[in-house]
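Got a structure for you, questions after.
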């Protein structure tokens, strides 16, 4: 069929761009994970100023569109970065935009997980002489990370889909690559259908992998089987 | 006291013939037949998992039986042409877990059937619902939501909900099993009063005291069949079946003999 | 300074109404489609359930931006169906929201105990009456907290309509950005985006407050369900 022939001809370019999508997502989700954990710990265990700052951070990033955050970083910051001799590429801007945004959501998932661990766990850890930091590190976090896997899986899937917003920074990830092809070939509808299908396949495969991961690290009695999105 | 009961006639209200029901391999009902005349109270007893609840649900088709027939008066409830909603409207059902409509207060719970099923006006239905709530002693709780009522109160509202449909008979599916012991009494006394007023009732229950004092007949079921049935006096003191005696012995040990 | 203040005017006068209008349109479209889809998924026949399931998975799996491009540029250039940008965005994001909303409503329906349906049938209600009078009002109440999340997602996603030229808040921000850059210099761009972000924050907050108010108004003992954190 004609459609498949066309698909075959543009697939190599799209797959290369899908690589950028995955790379971008991986960097962003990692940044979000690291920042998110510290935000969550700050919100649960921090003193009053730390709690206030982390809470404002989370509310700002959750209450405003990712697009506005990306444009703020990509267009708003460069004049100031230039003052200290830094330049920002679309990829770096996208990683920071997506990552700092994801951090806010991940922080909420982590916080929920930490708070769902009963207080007896912390007490027991302190009773055997662990410091608070060590108790968090060795007792609370390992449990929280297992509990958080289902929501975290959702977050990863979301990040894949929302990495498409790098389109606005003219970064050639999957969606923007689609746009370029659509412009050249004038087969706009077919091109975007193929792009959509690639996203669906990626989402499906990653969901499967995450489900496997979840079953791998399952500990009896910890975390239910929360519904997957 | 059975002979003093009001309104008892020879008119058969409910007839059940050879009901069978299986869930996969599990034969829950294996040919159950019984009948109830107007004004009679029959109590079904037996070990758990012997199909008592399934029997009740098959009677008003909340569970569809595999075979067998059910008649409500002259109408065959199991026939294809039967309007099952109309039949259900005439058979009250009181659930073990009350199942009051969570989003409606007590009055609205009782009123919704008369309004939406019997087509009464809101005023009529409200008046009727208030009467039925008074009848179960909860006129002052009309505005309360299920979550604000005790289990016993919820069960009494659910009895009022059944009564408001002016049913030909009421099926009770272990109405006190989900209640704390101190709340059982209030529900039982409502049921006793109903029985004495001549309501036709088929009750699945472990309350031996209730069975002994109110039932016209006790039906002992085990493994999906009726093992023995007869007046309480006969079953409690002169049972013919060893299995019946064994069960009655066990249950009086467990629950005490409140009779 | 007057240039800055003068630029904020159009943001509020032109951008905000479009963003609000689109948000309401999307929530409405999603609700109208999402409710029937949810009921079809719970009570429908098998082929219908499969169809709805596939619909839900598809529209949730494809990025919002791709849907917008597909429904606007795709339809226009491949089929010569030239929809106004606002309409295209409404359809694309509306279908997507209906997939998410159907999931919310499905969860709510399934959270209602089986006993409710059985009790309704036991007093002679038809299945349709039971759904109408018993299941629906309860599902509605259970849906409000997760629906608040959907509201804020939808509000934020309207910004993606700027890709096809709908002049809502984000697009207005982009237009002003260009103007300001030439008038005052690039250092002022940051201010514009901070203002845009703050306006979104206010809208999110106002919407959530209204929904909390609604939730309070229809509150019934026994329905105190906490919303989960979701995006």
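Worth a mention:
Each chain gets a letter, A, B and C, in the order it is written, and its residues are counted from 1.
Basically, a residue touches a chain if its C-beta (ideal position, glycine included) is under 8 Å from a C-beta of that chain, and two chains touch if they have at least 3 such contacts.
Predicted model only: the values in this text are computed from it and were never measured.
Ranked by the number of C-beta pairs in contact, the top chain pair here is A-C.
Here C is the chain whose Cα centre lies closest to the centre of all protein Cα atoms. Per-chain CA centroids place subunit A at a distance of 21 Å from subunit C. In terms of their C-alpha centroids, the spacing between subunit A and subunit B amounts to 56 Å. In this assembly, the C-alpha centroid of subunit B lies 47 Å from the C-alpha centroid of subunit C. In the complex of the two chains, the subunit A residues touching subunit C come out as 59-60, 62-69, 71-72, 75-80, 105, 108-109, 112, 151, 154-155, 158, 161-162, 164-165, 167-168, 175, 178-179, 182, 186-193, 195-196, 199-200, 203-204, 227, 229.
Considering their complex, residues 60, 62, 85-93, 95, 97, 99-103, 112-113, 116-117, 145-148, 158, 161-162, 165 of subunit B touch subunit C.
If you check the complex, the residues on subunit C that touch subunit A are 58, 60-67, 69-70, 73-79, 103, 107, 152, 155-160, 162-163, 169-170, 173-174, 177, 185-187, 189-190, 192-194, 196-197, 200-201, 204-205, 229-231.
Residue ranges of subunit C in contact with subunit B, taken from their complex: 112-113, 115-116, 118-126, 129, 133-134, 137-138, 141, 220-223.
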